[in-house]
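Both complexes shown next keep chain A, but they swap its partner, so chain B is in the first and chain C is in the second.
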Partner chain A sequence: MGLLTNLRDSVSRVTDRLFASDDPKRIGIYGPPNAGKTTLANRIARDWTGDAIGPESHVPHETRRARRKEGVDIERNGRSVTIDIVDTPGVATKVDYKEFLDHDIEKDDAIRRSREATEGVAEAMHWLREDVDGVIYVLDSTTDPFTQVNTMLIGIIESRDLPVLIFANKIDLDEADIKRVADAFPQHETVPLSALEGDNMDEVYDKIAEYFG
Partner chain B sequence: MPEATPSDSTTESQNGVQIDLISGSRMEGLRSMEKIRLILDGVRDGNIVILEEGLSPDEESKLIEVTMTEISPDEFSGIEIESYPHEEAADQSFLDRLMGRESTKKLTVIGPANQIETLHKDDQLISALVSRK
Partner chain C sequence: MPHQCTNCGHVFPDGSKEMLSGCPDCGGNKFQFKQGAVDDVGDDADEQQITIDDSAAGDDSAAPDDSAAADDSVTPNPEPATEPTGTTDADSAGTSDTTDPTDAEVLDDDRSPGGESPAQSSARSDIVSDDELPDSPPPADDSAATPTDSQQPTDQSTSDAGDVGEATADEATSSSLDQLRQELNDQFESIRIVSPGQYELNLMELYDRNEYIISLREDGRYVIEVPDGWGADEPT
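Presenting the complex of A and B:
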């Protein structure tokens, strides 16, 4: 890409954000499969609109299409911020239908799910490049955050100069290790929470308002 | 003389695993999609592709996207990819970042997901187990 094109894109990104500051921000919820993205999206949507976004499941790739909840008003400290939540499929570099067979899913259904999952991941990547204004990156704090997918995704988000919050989810579980998540990405703020149990949601909403408001 | 392509030398690969080490200068002259095609064509042939200087974040994003579109049951289940952690932009100036001149020089290993397994990875070592098809 040429120097002028890069400069034009950079200036365009900055001016777009400056002049669109009153519009609701589209906040993408990203992360690997089974990190609890949909549970978090549902928690936020239920807390502020009363509606859920999509079904939650322990089966990987349950979310196979990006789902959007528009106009979520979050009130913090006497002011209100409006965001559109985009719950995205978990990002992976491989999808093998045989993994679904371990969850008592028939082969035909497993193949269909894997096909939908691959389309969903491709769609999520496209959203990240084109259509989100900020990112909540959700990690399962009971698992090793130091994976290639996480490193690549955070690198992609940083390269686009998008504001990002790291959410260390599942702190209600004994194996949770918040420090390990914080140490993996020290350049970003890490917020611990349990989307399932609703633990530490006050701080979650404070940070969403601070970063994306 | 035409430039050799990695797939020119696959005749012996039935008996082992072919490893393509692609130099930074070779990749430098290619467009993003040409790089992705070069990588995926090699990986889909069962080769391990090692990039001397890796891909940019935007190219990595497109690599994931294109990989997803090519996954097919019982034929291709995706890729395994490992690189050293992205050196944060400590050595990059603000102007470099503003201009999109991201430092992407990080050795990167890419292989078929069903043939390569990462055994260990830290910021100085990537250890992988490679099996034949």
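Presenting the complex of A and C:
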């Protein structure tokens, strides 16, 4: 009997979790390489949990496996929103080891990184298909947002009807052009920020709570 | 190019979709290319020159037993051209650590500088001309269908999984060319290895596919995660 009771209890717990409205939403942080995804993920995680998610680097494709931080409680306006953050590898249509050579990386290591980065893109796309409830799309606001990758990924996200926020990152840099990002994806809300400097993070958290809470 | 189960050595003929349902002999789902010409489906000589890349055998733990025997003798494939001829290299490559049911591993032909054989690149980039096709090719998918259709996954990327090579030799031969090209297209259009360290990715394809590539290897092999539904329980 004890076994049956336990089984019933665990089934009950599972169904409770499945249908609980306040389950943490799994939010994927997507974008091209070097947009500042990990910097943003670390900023959010540090602000609300004290931990970091992964190493940041100016070398593209530094994040080559998806990393997850669960149970990040963000408090806004007197209520708490819990999300799981998934920092994904930068998505690209081409990965070339030669781009690593410019960063003082030896050829063998560059080839290995290239391979891992390619695996990372595959993993990121897989997560997008299977495992995210919402998307934060991070763009470097100093670069042209009209790229094949951005258009394709936003299109996929829209086709899945996932809630999405566009984050125009790196606004601390002189060349940042927030309007260009906003104009590129007028159908979505664009939030300017500097994840590195922590600029405009209040609005960032407001929007996260609003969209993913 | 024929495929070979890395667990028991079972050889799948050119263009066979049979392995998409797992190895009929051992249930394994890790496979590698048997190297050799692709276009010459009936050329025995190619099979006799098989030299599996050393790394293929090297990094796989020595798994046992009947792999050699299976490789040599257990070949239900009715197509004589693809019957293995017992090369020792193939035997050693038949040893494997491939018991993980979630992974399928495919050995790419990495001998060419571009990381793929001419047949692969041709299959990926060219359109089959009419004169290349056999007389009156069967209507693409279901003509060679077998009972494995019953476990056919639903996704489009695997919709031809039931189009297996366990049909008659005639059917297998007549449809092998376009099947093979389609199969290679299916396998390589998500990630194209331009050269070592240089890749081109088809994001839509990566997103759309049921399985996803979880590991690329230096020698051109890659490991994919196969959805659970791809069982190997059909005897044929």
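Convention: the second predicted complex is superposed on the first by the 193 of 213 C-alpha atoms of A that agree within 3 Å, B and C clash if a C-alpha of one lies under 4 Å from a C-alpha of the other, contacts with A are read in each partner's own complex, and residues count from 1 in each chain.
Throughout what follows, contacts are C-beta pairs under 8 Å (C-beta built on N, C-alpha and C of every residue); 3 or more make two chains touch, one makes a residue touch a chain.
Computed from a predicted structure; not experimentally measured.
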Mind checking chain B and chain C on superposed chain A, clash or fit?
clash
Let me test your reading of the model: by the given contact rule, A:176 touches which partner, first (chain B), second (chain C), both or neither?
neither
Using the touch definition from the top, say if A:132 reaches chain B (first), chain C (second), both or neither.
neither
Comparing chain C with chain B, which touches more residues belonging to chain A?
B
Thinking of the overlay built on chain A, is A:121 touched by chain B (first), by chain C (second), by both, or by neither?
both
For A:187, using the defined touch cut-off, is the partner it touches chain B, chain C, both, or neither? Pick first, second, both or neither.
first
Can A:158 be said to touch chain B (first), chain C (second), both, or neither?
first
Of the two partner chains, chain B (first) and chain C (second), which one does A:96 touch, if any: first, second, both, or neither?
both
For A:146, is the partner it touches chain B (first), chain C (second), both, or none of the two (neither)?
first
Superposed model, chain C vs chain B, clash-positive stretch out of 95-103, 185-193 or 221-229 is 185-193
Chain A residues where the chain B and chain C footprints coincide 91-97, 111, 114-115, 118-119, 121-122, 125-126, 128-129, 152, 156
Residues on chain A engaged by chain B in the complex (per definition of touch)
1, 3, 6-7, 9-10, 91-97, 111, 114-115, 118-119, 121-122, 125-126, 128-129, 146, 148, 151-152, 154-156, 158-160, 187
Sort out for me which residues of chain A touch chain C in the complex.
91-98, 107, 110-112, 114-115, 118-119, 121-123, 125-126, 128-129, 149, 152-153, 156
Chain C to chain A touching residues, read off their complex:
190-191, 196-204, 206-207, 212-216, 218
Chain B residues touching chain A - in the complex, by the definition given at the top:
56-58, 60-62, 64-65, 67-69, 71, 73, 77-83, 85-86, 88, 98-102, 113-114, 118, 121
